[in-house]
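When the chains are written out, they are named A, B and C in that same order, and each has its own residue count from 1.
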Amino acid sequence: MVEVRDLTVSYKVKGGTLNAVDGVSLAVRKGETVTVVGESGSGKTTLGMVVLRLINPTSGQVFFKGEDITRLGEGELKRFRGRMQLIPQDPYSSMNPRLRVGEIVSEPLLGREDREKVKEALNSVGLDWAVVDRYPHELSGGQRQRALIARALVSDPEFLVLDEPTSNLDVSIQAQILNLLLDLQSSRNLTYLFITHNMAVAKYVSDRVAVMYRGRLVEIGDAKEVMSNPLHPYTKALFDAVPEGDFRAKLRELEVRDEGRQKGCRYSDRCKFVRDQCRLREPDLLKVKENHEVACILY
Amino acid sequence: MSLYRNVRRDKTLMAGLVILVVIVGLTVISATDLRLLTSYSPYSLNFSASNLPPSAKHIFGTDQEGRDVFTRVLAALPVDILTPFIIVVASVLLGGLVGVVAGYLAGLVDEFLMRITDLFLAFPGILLALAITEILGQSHVSLRLLYSEVALIVVGWPVYARLARGQVLQVKNMPYVTLAKVSGLSRTQILRRHVLPHLLPLLLVYSTLDMGAVILNYSVLAFFGLGAPPPTPELGRMVYDGLSALPQNWWSSLFPALIITIIAVSFSLMGDGLRDALDPRMGERYARA
Amino acid sequence: MPVLEVKDLWVSYTRGGIRAYALRGINMSLERREVMGVVGESGSGKSTLGHAVAGLLPPNSIVERGSITLEGKDLTKMRDLFRVRGTGVFVIFQDPMTSLNPIMKVKDQLAEALQVREERESLPSPFIRWSRRRSLDNRTEREFLEALTRVRFRSPQEVLEKYPHQLSGGERQKVMIAMAYILRPKVLVADEPTTSLDVITQAQVMKMLLSLREEQGTAILLISHDVMLVSKLSDRMMVMYGGMVMEEGSSEELTKSPLHPYTKGLQASVPTQFKGEGRVKQIPGYPPNIFSMPQGCPFHPRCEMAMEVCRKVTPQESRRGEHNVSCHLYG
């Protein structure tokens, strides 16, 4: 469905360039959810934006249903707009406060008046038709996020990028939205690229999980496999940071290390298992099992 | 607290509005037929009635040439309201256009337009306007009014350019604009739908506030004789003319000055009130306590 | 004796001429070195409680009834509240950018904190205060470095010279904790301190909060929407909804055997399953807005167990073993 090959996005920063995304290859198959997890600054959101062609990659390619869309101009991209949609992180700033909910939800129809479509979309996210005349500030966070999902659905998309869609919501609302997203996926055969830093959420929605660290894909595989048997020291650290079990004891043992800019593996400065070879070169993704790849010298 | 603020807000807006309606009303009548408001003529000299203090007959008194100050104030209103209005509208249009283009297209265009804007902003406004009018006005006395308008537009537009650019840049990066792009809206559609609706109220508020300032600035130009050519009455010029009769005849400069102040203040009250009234999220701030 | 005691606290907000209660009779006490977790959704009043304790209620709010006692002094009756802010109660908000002055270097922010503490300790003459502001002597510099080292900055010397915007969100939060080390507050209110941070940074910040408590005996009021986080970190916790405490007790107890349907619902809404292996239970509906609070128990419209009485009568707090619970099922 969607594939990126050797994708790199670099920005000029003081004293050189920063690769927000660094040589990432990833394929999302039809109907599945691939979740990208990682901390802030890992490049996971940038990756999502490149896939939607909101940011232009420095090198590498983006394919949508087999077609190379990397170099398409805004005009040609029109054909793909609407077939790919975005569910944003913050339902507050993602709605123009001067527009009514109806206008916001029907925006992807690009001016075609289609009451039925809007009605159907609102219905499928569990919102009343009455909300169309309301302004965003009259809605709660959960209602707004539902409206934004309805907005994404009106253009009958096949592929959605979900950029931390529940991180600004209350816990009880998060559960509602996650269930809604899973239901919509199966009823409409949607394909998701799900971006999150919440491991519990990742576990609940993913078919496959990709772990990013400072722009690089360090581990990828079937969700169950990666999450019950994490291999990369960074993935392990991510799971250790989840408040579970004897969390206070875990915190006592938690080591805080800063990252540096060094040669070799970019995680080596923070890694508990660092060896001399790690400093020599950046490890590539290696298949350790049929459904599990990791970029670490230990394997 | 919030109730009190609402009332205060309304009061501000109402006060400004009431004064403005009165003034604009007087202006319109004065422009159509001054004789509806007063029995005196603003032009004809009458030295037998010169320097009369305010009384029931001449509520603002008379000037050194014996003209009724109240009548002259009324006669001055059309020029003194319309000229600043033209100046502000032109500044908004020019500055708004430059700002929107710069903010929306970004990159080199932005860089270029903003350097030009800075160039104009770098000069102290009123001095620049005085210089322009002085140089141009020397040769063509009859075109002085036009020149002072041009001068104040030259001085006025850069602020709007900055304002518009800032707002465009801010809105341009809002997540809802990102969403619009994903849905395939074109640049012009995004501009019309998301950017301009945020810009127009801002420009309206600012230009209302600015009207007060421009009225003052224009009066300064008129004060120095750089406004409409005589004998057209003008508030700023009247203040200047009255100065030579001070301190005995204080009324012929004080009343025009007072009127200028009232008009300027009423615009600024209106602007303040509008700003609060046009904020769609008013009151939402405390809703998520 | 508890450091902080809140008794029957009622706080109202007024908007557009309408008055609504954000807190409806909150009771709470906090011992030295204790972590009290406050869990709730938007509109539950948890942030209002934090703001009230810190003396930072917005101008459109009124403390209608009740008391907040910090070391024997009732904060609701104090006129010069600023005297307890910082050294009595210190607050860390979700976005430290709003608490740090954007145009001051870390060094100067810490200096300000130190100055505040020393003023409170000894009340020196204005002249000494002035001269102290001028000179950052070696002793104070050493104190700053020590505070920054405690929150694990690798190169504290560099951090001192930085402006807030040059730091990451996690680093800013660490600077706030370093400020707490310098201020030595009795009570630290942490209002969603890690909500905008990722898991690993969150764990680091929490580790530091716990160390602060160990080292200085600070009592911590940890406010968060994250039930899991709070239940793992706090000694006791209270679950708030609609301005009321629904359930309160030791965190272990509350996690193991919650009584209130809302507590149960909250815990069940945290997903634990893999995709395709069962669904997370969801609480229907949305949290109420304080301006349209339902009659009776505020939770009844979303509650599976709601009875006739729940629609009419606001439940009273009752004691059940180690819990306090406000629910008609247990009344």
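Remarks
The criterion applied here is as follows: a contact is a pair of C-beta atoms (placed from the backbone, for glycine too) under 8 Å apart; a residue touches a chain by one contact, two chains touch by 3 or more.
Bear in mind the structure is a predicted one, so any value in this text is a computation, not a measurement.
Centroid distances built from C-alpha atoms place B farthest away from chain A. More inter-chain C-beta contacts link the pair A-C than the other of A-C and A-B. Our note on geometry: chain B versus chain C, Cα centroid distance of 49 Å, whole angstroms. Mean C-alpha positions place chain A and chain C at a centre distance of 30 Å. Inter-chain spacing, taken between the CA centroids of chain A and chain B, is 51 Å.
Along chain C, residues 42, 289 each make contact with two or more other chains.
Residue positions of chain B with contacts to 2 or more other chains are 287. Taken residue by residue, chain A touches two or more other chains at no position, since every residue touches fewer. Across the complex, chain A is touched by residues 174-176, 178-187, 189, 193-194, 197-198, 280-281, 284, 287 of chain B.
Note for the complex: chain A touches chain C at residues 33, 38-41, 140-143, 170-176, 178-179, 182, 197-201, 203-207, 223-224, 227, 237-238, 240-244, 247-248, 250-252, 254, 256-258.
Residues of chain A touching chain B in their complex: 52, 54, 74, 77-78, 81-82, 84-86, 88-90, 93-99, 104, 107-108, 110, 135, 137, 148, 151, 155.
Remark: chain C residues 41-42, 152, 154, 168-169, 197-204, 206-207, 210, 225-229, 231-233, 265-266, 268-275, 279-284, 286-287, 289 touch chain A in the complex.
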